[in-house]
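Just so it is clear, A, B and C label the chains in written order, and each chain counts residues from 1 on its own.
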Amino acid sequence: MTKLENYTKYVMAILTGLIVAALYTPIFLTIFYSFYKTRKGKVDWTSFSYEPYTKLIFEKQILESLMNSIYVGVVTVICSVVIGFYFANYYHTSKSKMKEFLQFIIFLPFLLPPIITGLSLLIFFREINLPRSLNTVVIGHTIFVLAIVFKIILNKLETLKPSLMESAYDLGASKFQAFWYVLLPNIKLSLIIAGLLAFTISLDETLITLFLIGNDTTWPIKLWAKMRVGFSKQVNASVTLILILTSFLVLLIASIISRSEKKITY
Amino acid sequence: MSEILELKNISKSYGETKVLDNISFKINNNEFFTILGSSGSGKSTIIRMIGGFVKPTSGQIFYENNIINEQPIFKRPFNTVFQDYALFPNMNVSNNVGFGLKIKNVNILKIKEKVQEVLQIVGLENFSDRMPQELSGGQQQRVALARAIICEPKVILLDEPLGALDAELRKQMQLFLKEIQKKIKISFIFITHDQEEAIFLSDRIAVLNNHKFEQIGSPKDLYYSPKTTYMAKFFGECNLIACKVVDKKMDSIVVESEFGQLLINHSIDKSIGDSLTFGIRPEEIKILDQSSSNSIEVIIKDVEFRGSTSNLNVKSQHSEKYLKIQNISSNISQPFQQDDVINVELNTGVGTIFKDETIS
Amino acid sequence: MWNLIPVLEQYLKMRQLVNYFRTSIWTLIRFVLVISLILIPLGSFLSYSFFTVDGTDIIHEFSLFNYQEFLTGEIYIKTFIRTILLALTVMFICILLGYPVAYFLARYAGKYKYSILLMLIIPLFMSYIIKIYMMRSILGFSGLINKVLKMLGVIEKPLEFFLWNQNAVIITLVVILLPLIIIPTFTSLEKIPKNIIEASFDLGCKPFQAFRYVIFPIGLPGLIVGSIFVFILALGDFVTPQLVGGTSGFTYGKIIYSNFGMAFNWPFGAALASILLIVSVIIILFTNRLTEKSKT
C-alpha cells in the first residue's frame, strides 16, 4: 500500500469511529438521564438513583402501553409472516408477468414516506367506517413490514435446491405434505429472522401508528404524548429497557444468521 | 542472457505454517514454464509473489538482475490471468481488454486498434461489445488472456486457468494456449495440478512437493532422468528395486537384489557393500525365450489384456516383491498362465540409480 | 367395461375444472388481498384529494379546489421546494459521511466489519422519538456540542446555530438516517470479488485509479439505493421539525400532518400528500430503472 492509501485508511477509520460515537450519543444520553436529573441545563450529580427502574413495574400507564405494543407486534408478525410467505412462494413458483407488478405493489408501502402509507389507510378506514383501534394499527404495521418479510423469505426460497420439493412429490407427498414436512423445516430459519425483524420494527414504528391508533396507546404513542410534557427519568428508564430488549433481538438475529452460514447447506 | 526472471531462496510462512521452503528457479525468454503440484501445495503462492500480491517471507525476486521484492503490483511488468477470470462486470469485452492501455494513457484510437488485434489473436473479434456476463466460460477465459496479452508484459502468469472448464473444452484450450504462446513469444508461467496438461504444454516443468521443488526440467528430462524416487513414481510408473553392491567394474556394477543378481550399466561412486535403489520403467523390461547372462527368473501373477499390448505383474522367485511390465505385445503374452516362470531382462542402461535413497 | 371410459373422461374433466377453480380462487384471493390493503387505500387517498370540506363534513364531489389552493397559495409550493432542498442536503451529507464509512468497512475493516456494521444498525432500533428528543440536549444552548466547543475554547458564548431551525432538522435527520445509507452501500461494495480489484492493480492501476474505474462504478447501485431511501424518508418526515425545528424549521410533511389534526381539512392534506406520493413514486421508478440496468 502506498503512503497515500495508508493515510486515507486512517482518516476513514477515524471518521467511522466519530460517526459511531455520534450515533450513540443520543443513546448514552438517554441512559444517562434515566439515572440523573438536570436543573436549568446543569447536571445534578446528586440525583443518581435506581428508582426509575424499580418503580417502573408500578407505572400502570407505561406498562399498559407496552403490553399493547407487544400485542400489536405479535399479531403483526403472525400476519406478515403468513402473508409474506404466501406471496414469496407465489413469486418463486409463478411464471406470469404479473408477479413483477405484484412485487412492486408490496414494496410500495415500505419505500414511500410512512406518512403516505399512514394517511391512505386512515382515509380508507374512515370511508369504510372501520373505527381506529389497535387492530387498525396491526393492519398498518403488517402492510409496512410485509416488504421486508417477503424479501427475506423469497431470498431463502430462491436459494433452496428445486430438487428438494421435487423429490418430495416424487415420493408421493401431496402439496400440503410437501409444504409441511419439507418446505417449512428448511426455511424455518428465515421465517424466524423475518419474524424477529418484523417484531422489532413494529415495536418502534411511530409515524404510521400515529395515524391509525384509536383510544389505546402503544409505546411510541405514549412517548409522543409525554414529549409535550417533557421526559421524566422514568420515561428514559423505560426507553433504556426497550433499547436493551431490541438490541438483544438484533444480536439474536445476527447470531442466528452467522450460525446458519457456518452450517453445511446443500 | 536468455533468462529474464529469477526467484532465489524464496520461502513463505503464514505464522507457524510453512507454505514454501527455499524455492529457486529461473525463467527464460519465450518459454512455457509450468509449476505442477497438488491442490494447496503452494503453487498459487509462487505466482502471486511474482505478481506482487504476496510478499515472500525471505528470498529475492530478480527481474533483469534487479531485485523487485518491494515493487508494487502496478509497476511490475507481468500480467496475471486469474483462476476465475476476474473480468470487470461493469465494462464490455472491448473495455475490459483495453483497460491496461487506458490506464497508461495510450491514445484512444491506438487502443481500439490494439484491442481488435488482440481479439483476433484469441479469436473473439466479433465479441467486442458483449458484456462478460453474456460469455461462456471458455470465452471469458480468452478475454482474460487478451487483457493480459495487450499490455505486452515480459511474463504472463496463469493461475490454473483451465480448472473450471469441462474436459472437452479443456483440451481445446490447452492446444490454444500452446499455440498462442509460441505465436506471441511471451513467457508463460502456468499453474496446474494436471500431469498430462503439464507434459503437453510445457517447455519446462517444476514439480512442487512438500513445499519444495522436487525437480525442474523438460518433460523428457523428468521422465527419463528422475532425480528422486518420488519423481520416478510421479510421472508414469516405475519399478523400484532395493539393491546392495557386490561387485564393481569400470562402467558397471553388480548388485544383489530381491529379484536376483543384476548387472547395471552405470558407473557410480558407490563401494561394495553399499545400498542403493534402482528404478526401471515397466516398458523397459523385455521378455526372453530363454535365460541369458543378465536375465532373471520371475513368476507370472497377473496378465492384463489391453488389446494389442498387455501388461504383466510378476513376482520375484526369492521374495514377495513384484515388478510391473508394460507394453508386451499380446501375441507373446497370450500363452502365459498364472504361476508360469519366465525369463526377463531389465534394460538397465535406461534405468535410474537413486544413490541416497533406500527402500525397504 | 367399455362404458367406463366416457365416465372416466367425465370424471377427469371435472377434476380439471375443480383444479382450475381452485387455482383461480387462490389467484383471486391473492390479488384481492393486495389490492384491498394497498392499492385501494392509495386509491381512496388519491380520490380524497379531489374532495372538499364543509365544516366537519367531507363533500364527496370531484373538485380541483385543493390543487388550486396548492398552486396559488405561495407557501405550499415554497415549502415543498424547501423540503426537497432540505432532503437533498440531508442526502448529500449522508453520502459524504456514509460512503467513506461503508468503504472502510468493506475494504479495510477485515474481521471487524460485521461487528462494526452491527453497531451501526442497533441505533436504528432505538425509539425514533426519543432519538430526536435527545438531539435537543445535544444541539441546544446548554447542550453537549456547545459545552464541548466552550471547553475546547473555540467559542466564548454558546451558539444558537444548532437548534430551533432548519439546521437542527438537517443534523437530526442525518444522525437518524446515516445507517440507512451505509448498509446498502456496504453490501454492494463488499460483494466486489477481491480478485477483480487485484486484476485492476495487475493491469497497472494505482490505488486511486482502481477506485475510480472499478470499485466505485461496481459499488454504485448500492449507494444509489441508499441515497434514494434517505432522500424519500427525509422528504416525508414530520416529527423532526416538530421537535427540533422551532418556527423556522418546518417541512412539507409538517403541513400535511397539521391538516389532519386540528385543521381537519383531510382532503386538502390528502392533496398535498398526493403530490408527495407522485414525486416519490416517480423517483422510485426512476431509480429502479437505473439500478436494473447495471444489475445484469
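Please note the rule applied: contacts are C-beta pairs under 8 Å (C-beta built on N, C-alpha and C of every residue); 3 or more make two chains touch, one makes a residue touch a chain.
Computed from a predicted model, the values in this text were never measured in an experiment.
Placing every chain at the mean of its C-alpha atoms, the farthest one from subunit C is found to be B.
Between the interfaces B-C and A-C, more contacting C-beta pairs are found at A-C.
With each centre defined as the average position of its C-alpha atoms, the distance from subunit B to subunit C rounds to 59 Å.
Subunit A and subunit C have CA centres that are 16 Å apart.
Of all residues in subunit C, those touching 2 or more other chains are 206, listed in ascending order. Shown for subunit A are the residues in touch with two or more other chains, namely 2. The set of subunit B residues that touch two or more partner chains comprises 72.
Residues of subunit C touching subunit A in their complex: 30-31, 33-34, 37-42, 44-45, 48, 97, 100-101, 103-105, 108, 114, 116, 118-123, 125-131, 133-135, 137-138, 140-142, 144, 175, 178-179, 206-208, 229, 232-233, 235-239, 243, 253, 256-257, 260, 266, 269-270, 273, 276-277, 280-281, 284.
By the touch criterion stated above, subunit A contacts subunit C in their complex at residues 1-2, 4-5, 9, 11-13, 15-16, 19-20, 22-27, 29-30, 33, 41-42, 83, 86-87, 90, 102, 105-106, 108-109, 111-116, 119-124, 126-127, 139, 142-143, 200-201, 204, 206-207, 211, 219-220, 223-224, 227, 231, 236, 239, 242-243, 246-247, 249-251, 254, 258.
Subunit C makes touch with subunit B in their complex at residues 193, 195-196, 198-206, 209, 213-214, 217-218, 294, 296. The touching residues of subunit B, when paired with subunit C in their complex, are 51-53, 72-74, 78-80, 82-84, 86-90, 99-100, 102-104, 131, 133-134, 147, 151.
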